[in-house]
Amino acid sequence: MSAGSKVATMRDAVAELVRDGDTVVIEGFTHLICFAAGHEIIRQRRRDLTLCRLTPDLIYDQMIAAGCARKLVFSWAGNPGAGSLHAFRRAVEGRGGPPLELEEYSHFGMVGRLSAGAARLPFWPMRNYMGTDLPTANPRIATVECPYTGERLAAVPALNPDVTIVHAQRADAEGNTQIWGLLGVQKEAAFASRRVIVVVEELVDQRVIRADPNRTIIPGFIVDAVVVEPWGAHPSYAQGYYDRDNEFYLGWERISRDLAALAAWLDTYVYDVQDRGEYVERLGGLERLRADTRVSAGVNYGF
Amino acid sequence: MSAGSKVATMRDAVAELVRDGDTVVIEGFTHLICFAAGHEIIRQRRRDLTLCRLTPDLIYDQMIAAGCARKLVFSWAGNPGAGSLHAFRRAVEGRGGPPLELEEYSHFGMVGRLSAGAARLPFWPMRNYMGTDLPTANPRIATVECPYTGERLAAVPALNPDVTIVHAQRADAEGNTQIWGLLGVQKEAAFASRRVIVVVEELVDQRVIRADPNRTIIPGFIVDAVVVEPWGAHPSYAQGYYDRDNEFYLGWERISRDLAALAAWLDTYVYDVQDRGEYVERLGGLERLRADTRVSAGVNYGF
Amino acid sequence: MAAVAARELRDGEVVFVGIGLPNLACNLARATHAPNLVLVYESGAVGALPERLPVSIGDPALVTGSLMVCGMADVFQSLLQNGRIEVGFLGGAQVDRWGNINTTVVGPYERPEVRLPGSGGAAEIAIHARRTLVVSRLSRRAFPERVDFVTSPGHRIGGRSRAELGMPGAGPVKVVTDQAVLEPDPDTGELVLAGVYPGVDPDAVRSCVGWELRARPTLASIEPPTPEELRLLREVLDPRRIYLKG
Amino acid sequence: MAAVAARELRDGEVVFVGIGLPNLACNLARATHAPNLVLVYESGAVGALPERLPVSIGDPALVTGSLMVCGMADVFQSLLQNGRIEVGFLGGAQVDRWGNINTTVVGPYERPEVRLPGSGGAAEIAIHARRTLVVSRLSRRAFPERVDFVTSPGHRIGGRSRAELGMPGAGPVKVVTDQAVLEPDPDTGELVLAGVYPGVDPDAVRSCVGWELRARPTLASIEPPTPEELRLLREVLDPRRIYLKG
């Protein structure tokens, strides 16, 4: 069984599948954040996007600075372990930068929204938000009555993005995708989405996928394009491939504080480069982040 | 990190953790059905149990025949690929055998009940049952109103068993449990339950678990006892360990039809044996079912 | 029946496979015109390439070499309820005038004459699969005017249509039997005779159906299995004749 | 603060760990009196044994050699909402009289003076963890009478108790600062002075708190870090002083 190959360049995948005004999810919780896709979206100057992520992280801070975003849907907007997202803060604190509409939840709320989207349910129930000011800040957080106990639970609305972009360690040409290490909400985001782009460190033969089917998170039949982009998650990391570039995260504090420095950074590392390969070149290569080897043992699928 | 060992014999685990009147889940969809635990429950003559499983399978047919069950909660009560569960049918069709109360759902309904239980929610919403007679047969199938769209969805009540028994390929002494191949609803059943017994083909050093944490389905801190019982899932199967004993499933048709044959079978293979080892002996060993070797490659957890 | 059902499958489709004849039909289709069929089993095996005839929907042979194994919560929520299943197979002890199927009880639910296994995944497959194919041997017992219990809803239930009841899927598009093929009337959803097997008299079919079976203006004559289809079924897919009753 | 917080953890407990001081406190506890502490990170790493100081809650070092990695739906539903998390750590820009915490905005939500990161998992941790420990440096800015925004509810919110609001967890049992420890009054839930660090004047503490801080009848004197605790913190756990400000 081998349907047509879905392998595409990042340029073509973004050109075809990411459109102005789209609701976009680039997921990956600390692990496997697809900066390569975010940069291509900036290069292609997409506009009026509704950007959704639990943690906007540097990638959405960059996209906000570049003017791609109309709205941000999120649950934690900091620079993990390093400080603030200053493009985001400037916009929200009204200190210059394009205006930005916010729709704010907690992590559990965002997870519930994508779980509902993946199950094609209109809402997701949870015990949450009592006593917090979040429902006041975001009226989309509602309540639902239990048909058995009569108690009122919190509810969040389904999130069904136009396009979800997931970075993964490996996939085959049909898009059967395997991830290990932190899984975040990538599976839910992909199933909730109308269009799905998978970006991988390695394109593998389908035999590799079939040799360990329990590692498959996303089946090829829900994937629209497979982009092969080594180092595509830098400065975040890919378990077993490369470590997180903490110096980059720490350095972003200084760059993002300063409009001119931020603009210069975008020019040098996004607008003026053709593709991911050139980005890695300009950084002088990333071998220093290459992961060491801790290979797990296999398991027996025989019968 | 290594808390106290939870390793126990099947006799002690069942004596301590399975009580008369309990709501019991022995899950495993075709794969990893813990017959060893069912037989010990029969030997210890537990009574008035509410037995819950998507597919009662031979194990609950045997427990019903032995008089352990007061009630059955299920979604498909056949002998997979082989015919009927005759102890179950006799009870339901009023052709002798102890009376049996039924609470019937579809597979999705049972999965939803355990998902709600695992999330400690009182209900689980789904788009289901419109046009079917199931809600008439089972009034516990209700509806819930979406706070966003106003539409009425189906709802099923949470299932939180007193005890859940899960068979697995391997676990460490603390109960950190790994399963591959079909996963069924074991994870949900374990998290939904007040008490959890894990029965394994192999007890492994914690290093084996830690070498591949993505394979862990159940963390030790929700497990009460770990029982080491090779061949414990026979006549069902354990991927990578042994194949399904189809002759046994086919043969059950004849045995379960005939009250005398069924009683004789229970005497020979359950009541008159001390433990699983003796059961396997009486069957003349099960080497014929030993799985062949199809070991997957490992993945790199380095950073 | 397997060969006729197999022809209803299009290459590349995602199919929710049951055990027995549906499994044979899917593997026959894969071996002939639909090599890229994606077989999904309710047990959680996706893209299975069974090396032997699976004897249950949870057969280990469905796991080894498959594309993905997922838990059953994902099967029913992310695949079926999500609308990703294009074809679902259904069979049953009773199929009625409106394509409703009963796999629960013969007789009253509380005190059944025959207790059948029940829904399994059949209720939600009938509701969510984009379209379903029903496979059942023709007999007066199996095709009553009205089923004793609606396990899997068809085109009209208690007078209400699928649309009125809010069912996402299109319902049964074909009922494949051992003598003829029935299809729903596009307007009413009532099952009508669409075609007969070579040499089968439409009146013989009518006598096996518990209602006044109407027929399409022109009946399709159904191609018998080709020699190649027969060879695959008898020599490759079910050599021990576990599911092929002939 | 790390040492004082560490002492609040009991061996074998399941702890929802945040990054920074909470992480130091948990690893100090593991290295001393609580070797069997189970560290759970909201990123999905369970039973982590980090070989290096994690710089984020999703650090790859939390995965390698951990007991289990699960998706975030499982973290929040099967672990946190399920009631399996015994201790949760919280910190924040503002902690008020009733133990409510603000990590969302300073000033009005619509037009904040300072936009903070927001809840992350803090709202649900405050609601579901069996008990929580709050770690925050003492200052008048950080301890107002009333927070600008309730991100994580404490013991009394708009006059209503946790029980009235239906929160499963017990809420903050201790607020560990750099000068003193505050605890909720058992009856009212109001934070009161429970103990001071050696040489700290209770009035100095009062001057850093935006409400009339009451005190327990007898104040506990808090043991300073032992030489061993200091050695572990400074030489083993955070040699580069990333989180230890002294």
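A, B, C and D are the chain letters, set down in written order, and residue numbers restart from 1 in every chain.
Throughout what follows, a contact is a pair of C-beta atoms (placed from the backbone, for glycine too) under 8 Å apart; a residue touches a chain by one contact, two chains touch by 3 or more.
Just so you know, these numbers come straight off a predicted model, no measurement behind them.
S.K.: Going by C-alpha centroids, which chain is farthest from chain C? Tell me that one.
M.R.: When every chain centre is compared against chain C, the largest gap points to D.
S.K.: Higher C-beta contact count, A-C or A-D?
M.R.: Result: the pair with more contacts is A-D.
S.K.: Approximately how many whole Å separate the CA-defined centres of chain B and chain D?
M.R.: 40
S.K.: Can you compute the centre-to-centre distance for chain B and chain C, using the mean CA position of each chain? Integer Å is fine.
M.R.: That gives a centre separation of 28 Å.
S.K.: Which parts of chain D, given as residue numbers and ranges, touch two or more other chains?
M.R.: 45, 60, 63-64, 69-70, 77, 81
S.K.: For chain B, what residues touch not just one other chain but two or more?
M.R.: If we look for residues of chain B contacting two or more partner chains, we find 119-121, 126-127, 151, 180-181, 183, 187-188, 211, 214, 237, 239, 243, 291, 294, 301-303.
S.K.: Viewed as a graph of touching chains, is the assembly arranged as a line, ring, star, complete set, or other?
M.R.: Shape = other; not a path, cycle, star or full graph.
S.K.: Going by the touch definition at the top, which pairs of chains touch each other?
M.R.: Every touching chain pair, ordered by label, is A-B, A-C, A-D, B-C, B-D.
S.K.: For a test of understanding, state which residues of chain A touch chain B in their complex under the given definition.
M.R.: Contacts found on chain A: 119-123, 125-127, 142-149, 151, 153, 155, 157, 169, 180-181, 183, 208, 211-212, 214-215, 237, 239-241, 243, 291-303.
S.K.: Using the touch rule from the top, collect the residues of chain A that touch chain C in their complex.
M.R.: Touching chain C from chain A are residues 1-3, 118-121, 176, 187-188, 191, 206, 209-211, 213-214, 216, 219-222, 301-303.
S.K.: Any idea which chain C residues touch chain B in the complex?
M.R.: 19-20, 42-45, 55-60, 63-64, 69-73, 76-77, 80-81, 100, 104, 109, 111-124, 127-128, 149-153, 157, 160, 162, 165-168
S.K.: Show me the residue ranges of chain D that touch chain B in the complex, using the header's touch definition.
M.R.: Per the touch definition, chain D meets chain B at residues 12, 14, 30, 35-38, 45-47, 49, 60-61, 63-70, 74, 77-78, 81-84.
S.K.: Considering only the defined contacts, which chain A positions touch chain D in the complex?
M.R.: My answer: residues 29-31, 54-55, 74-78, 80-81, 84, 88-89, 92-94, 104-108, 111-112, 115, 126-134, 136-137, 151, 180-185, 187-188, 237, 239, 243-244, 246, 249, 291, 294.
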